[in-house]
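First chain written, first letter: the chains are A, B, C, D, E and F, and each begins at residue 1.
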């Protein structure tokens, strides 16, 4: 299995760079889709699988499973995922979006923004990306951007999330929570707040975890999005942070600079202009490469590449945590 | 007389498709115009005439008459329309925009959003697109998107409209009203409200009638715009509904999917990004074709095509009225 | 029949003064009422009748008929008024509040703020305050404070109203409209806007007609409310204007000073603090006296008195229409 | 031990009535207090104890323990409660307000709105009202009005709460959650939303649980507050609901009418006008009496009385749950 | 000359206490006044003079001169002050409110919130309270609460002010500025910001200087107002600060507790409920007494008393500047 | 020295036209820059120098010096400007943006929006674009768009500015102020307000001075930006005005039409879509040519050209000052 990759463009010194063939998933890959973005992919067997946010032409938000040999060309099921759930009230579908997929101890866990009297964190697991078993919502509404760590911490499931309101939330800190069994959650700890405007403006309104954190000797490497509010609305960019391995609510380093901010026309124009929103990352441990999947303008899906070592270095060099 | 037309692109299954030469009217067709969009056209003699919203470079909104042999290439008068009006207070021009033109019993009726201590529905008629006779405003402010039916209903003029406020109105239902003589209006009936977010999000903030309704055996075919509010502002798309022929305030079917939503760069970028706003439709009864004129990004004018039968079928298949 | 009255307090030079026994109607006159205010009374036979806004303890707004020998002590029916209506859609009760009652040609017409997909002006008539016949709503939503003139003007029914939005409207001008038969309305004319802050701040946010206008040789005497927004919310006071007898949309004089503004504790504290909201007036033509009924703090009903001649004089002396 | 009591006033038919000597706790009972309100009391030995919200003259919100022989005259400790907590991050005091106290299996549990990067539900327990042991916050921010049931349900601790935002939240539903051990919470269920404006306006903006629910043969009797937004701010009143004994997230009945709404001057004027906010109830099972403690205008504390049977009857008669 | 005074009430330990005969100036002291409050008084000859904010019954804000023998009973001129001004554009009256009067080197300087394309700081001087000479506005709009120091600092006039916006400003810091000649202003220095909510909530939204600072051996004693925003609007209270004598932009101490916060009914109810707004102070250096004049509910004027030594002590004890 | 220039495109009659090679400065001219725009250039020796707003990839706003031979190709120092300042409090850098540079009597004065407890006008001077001497901020916060005149007026420095608030200010008038010595400022005069919507909508929300005014026989030629608020945010365009030579606060003519409004993709898409924001102009007196530098979409820098005579003529012909 080989992750998608393209070398750094000649002359560039940027810590991450875009795939030249972006967007890799067009808005109308499905015949009825309005847009496909903010989607979650993982290695699966000797290929890749994923859970995709596909808004249909009612502009309803739905989740679909998909498969790919190379991580670039995808077959997405036209049918939405149907989650099995023992509890009818929890299993009733209202809406779901912005999924993440985490592999832990033989199961692929899906977390997503799930409609239950407001947005909260839906949780389900699968072993085959065909049957999905939905369990209890992790939190009370309103919450978004729930991301599981890829292994238990302190013997418990561990999740990052961002408490929200029920609209276009104008605030947002990242918190950490634990659960013994994915039913009851607690031990809530604050991780990080938006940055001061004078220090790092691209992340001064709200922030949220992106892909599943990547374990490195330096700590958990977290890609996270940040939002700046201009007079013409929100701008979503993303940067990186290093969290303590054992106490992941402790931030060791946090990039003052963004890694990717809207610049290409497919990021600047679309259903929501000026959005780069990462939801998944594939990494090649042996070669130290990482490929980040990110939603572009809430319309299509793009890829960006980098070396983990360099990104860690970048995070330290531009650090705003220890200033 | 032949309406503008272009066959469905190969491979497309969409119920409507854009004209490949869009936009047909550029923003600077007039030497002083800032933008030309949201405009109303009708068959006129063996050709076409229309009333056009042309914003000048003061960004003042004005109405102009225009003429075309083929419905695609237009001659627009550089002078604004001067409305004759017996009542000086009503006839005093403040601003006017988003016109519709309806042919009823030998007269072309123009309705538009007319400034009179707030936006309301201006009404005038012409037989030659040279002299326009303005009558009473239909309603008290604030109101927009007034569209006359092309024949009397219950022996009276009949109009759809959308009560508004005086700003960038964040709500909006379509209502139906009748008038014996275009002076006094009443018998107000509610037609439809924005759709629930979970059902059809593109039309969940506000909706408004588009072109003059088209009579079909199934009922009145209404193209209407709907608005979704993202964190970066409003997105205007349009869909279709079938209204009862005799009691047009009763909705038989209403499309959950949009027909056209901003996707092309001339729809996504411009003075108001992400706007597709239909104001007129030409149809060929014998061939069952329809050509819809719609404003793009509040900047230029585009065309989209479809078959009436297919659009009716689409409206039924995606119906959210009877769920 | 003698209208309620109390002489001007010794030492006062005010153009109007409060009844010393205010409030005349307590909030709990009905066993289930939360509040009784903004109510409409008229002479009826040799006594008085009225339509009362009684909010129940669900805080639902309902209308009740009431009767009084002296205009001060009232018997209010515990049952809400049931309006007969030929059209089920119009006759379906949602909510109703802030009634006015106008006697024209043998019928008592009730107008009120009526819920129909937003607030609009409901219209009904009665001859006995037992059976009420509801006709078409006068306008599209959103509208409030619809007040009929007590005789036809230009041979038509004539109404003042205030276009609104669907919430705690932060704007509001008074308009004039006519109807041949109380079914269709038109000939809409602007009457007056809020005053400039520097000129008369108590009426600088929004204004609305109060009681039925009183015909005088000088013109129609209109009591109207005005609203000022402080950092702690709205303050409702009322003043007076003189409208042209034949063209009542023309304002001859308009008081810069208020007549009554919240000052007493029953006006300053209650469900909505700082509200004096007039809805009805009884006048004695021979003696030139007038008694104004006004809602206090959206909780109880008060009375204020004055001489018509003096109020006209006050309106001229403090006039802001001709500055 | 005898709960505070006063018989229903002569002539009254109200389901609850105020204590004639209200407020029982003045704003300056402590020498440095600005206000004392929204406070929680329970039987304790043969007398009463409580946890009190005392805002100091910095307007900082703090919690104090207090003791009383009769439930009416209180000795409140001038020192704020110091919570013991094993985890320094959780135990760090930011602010705390609106406490509730619940007796379960030999311990008095205190829940309150606790500042931890936004308001959330703090939890602690005591046996003597001297030493308080703080455990994990129940939920992620933002949350308020956390109220424990007085016994375990399904073998777990059970709590009602109201997800919020970080300001003067303009929305609010009541949710139900369970915890095996007061550390991890889950199995979140929706209980009830604000009522439709047309049905019961006093509770149409947001609602929140009040005192600890009281077990009755009919179900859990819950007093809860509701909020209406007028043009001059929020009005807090309270009513009652009956929850299923075994599945308390199921509402059997819910009062359309309020029980107590601001009416007396100490409720209508104060630091926050028009607030009646219940936080505790004492009940006498043998006599079927209940005494509700409620905050008045966010300034002082009042008492209201009633018979449990009558309140249940009232809840059924005015029910809006089964309409 | 003896300043108004009343001894501390028995049993009170408060650093300041209200005059038992408050309000000393009723809202209708002038026949046409709506309210008289936020007014500035100084010793004048062997008696007292002042400049008073009197809102008339148009709710226009105007300034009036007044005189008193005892500082409690006032004669206020019914005519508004007419300011002489060499520059017609500056001298044109729009509105003026919230005056302060400062005696420096033989002249009484009046500063007030002056309407000039938005609120700014008007400046004038008088020697007799009959003729007032207006000079340049101190700053660009928008600004309010301009207060001169009673002697020059660094050889220049010195002023505190609060930059604002044009509405019910939701923010506000105190700044210090100097001027050589009352025409040009500069050397702007930040003095203090609103306090953190957790530290001193009554002053957490905005703050502004009150009376002219009083020179003491400890520094300049400044009374200043602070604002807290509840769900029902703003609450204005006041506290004290000690500024460095030579560099008055340096705050030595600042009270965490308020001195006076709305509590009496004439402070809690009125045109703007819950306002205590100090604009002037008389002090008796020999006896160490101070009498503070403050506006109550934007309606009437009250008096509060204290000893300067005690207030300084209170400021130090409750200090939040050095935490 | 020759200013940048390109002849008017064939067929165009526009008073100004864009450079065909726009943008002249790409967003990533510096290796770390996110964007370079709203920048100020002047003749310097026989070439050009400038001060540039370069936002870095933290989205921090910083100022850089730059040099160019032809005014089109620029070398920008990667290091930010370090301002020398005698007063540490004033010299402490928070943020700075939107510079202007004015040459007066041998010194190049830089003015910019400077962070000091809110945005205000920073002032500094240089003779070599290497060493910059910072003096007092011109005004209290909040203020933006401070532009010095290129010579003294009435013997004093003269500046245009726009009082603001601390966010995305939704209002803004241009004012004029004078200073004897760049330390104290006064004699504030109102210059112009936003235009009425009906007259010139592109400048109806707020306006602000652009480049340093150009002296002509007709008066000072001022390019200024204006803002229109659509439902999707702000649109920045620019027009021209002629100010009186001796009393520059008096506007002789003001263009109703814009000169340049967002139309090209590099103006319509970027970090802030739909922005054309002029900050500098080079003019060739002998040939009557002018080259205007303007920020595009808050991302890159563009150039537009015109003839001064024609622009003056355009300003007179489209004048809205004398209507």
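The criterion applied here is as follows: a residue touches a chain if its C-beta (ideal position, glycine included) is under 8 Å from a C-beta of that chain, and two chains touch if they have at least 3 such contacts.
Quick caveat, the model's predicted, so the values are computed rather than measured.
Through how few touching steps can chain A be joined to chain D?
Step count on the best path from chain A to chain D: 1.
Note the shortest touch-path length, in steps, from chain A to chain F.
1
To the nearest 5 degrees, please report the angle of the rotation taking chain B's Cα atoms onto chain F.
About 120 degrees of rotation relates the two copies.
Report the chain whose CA-based centre is farthest from the CA-based centre of chain C.
Max centre-to-centre separation from chain C belongs to A.
Among the chain pairs E-F, C-E or A-F, which one reproduces the interface of A-D, with more than half of its contact pairs identical by residue number?
Repeat of the A-D interface: E-F.
Looking at where chain D touches chain E, is over half of the residue numbers used by both copies, so same, or under half, so different?
Comparing the two copies, chain D and chain E contact each other through largely different residue numbers, since under half are shared.
Could you please state the distance in Å, as a whole number, between where the Cα atoms of chain C are centred and where those of chain D are centred?
Here the centre of chain D sits 41 Å away from the centre of chain C.
Indicate the whole-number Å distance between the mean C-alpha point of chain A and the mean C-alpha point of chain E.
54
Touching at least two other chains at once: which residues of chain A meet that condition?
232-233, 265, 269, 273-274 - these are the residues of chain A that touch more than one other chain.
Can you name every chain pair that touches?
Here the touching chain pairs work out to A-B, A-D, A-F, B-C, B-F, C-D, C-E, D-E, E-F.
Mind pulling up the chain D residues that touch chain C in the complex?
By the definition above, chain D touches chain C via 13, 197-202, 228-233, 235, 256-258, 261-263, 265, 268-269, 273-274, 318, 320.
Would you pull the chain C residues touching chain B in the complex into a rising list?
Interface residues on the chain C side: 89, 116-118, 120, 136-143, 161, 163, 165-166, 171, 173, 175, 177-180, 183-190, 193.
Touching residues of chain C toward chain D in the complex: what are they?
Spelled out, the residues of chain C in touch with chain D are 27, 31-32, 34, 56-61, 94-95, 115, 168, 232-234, 265, 269-274, 298.
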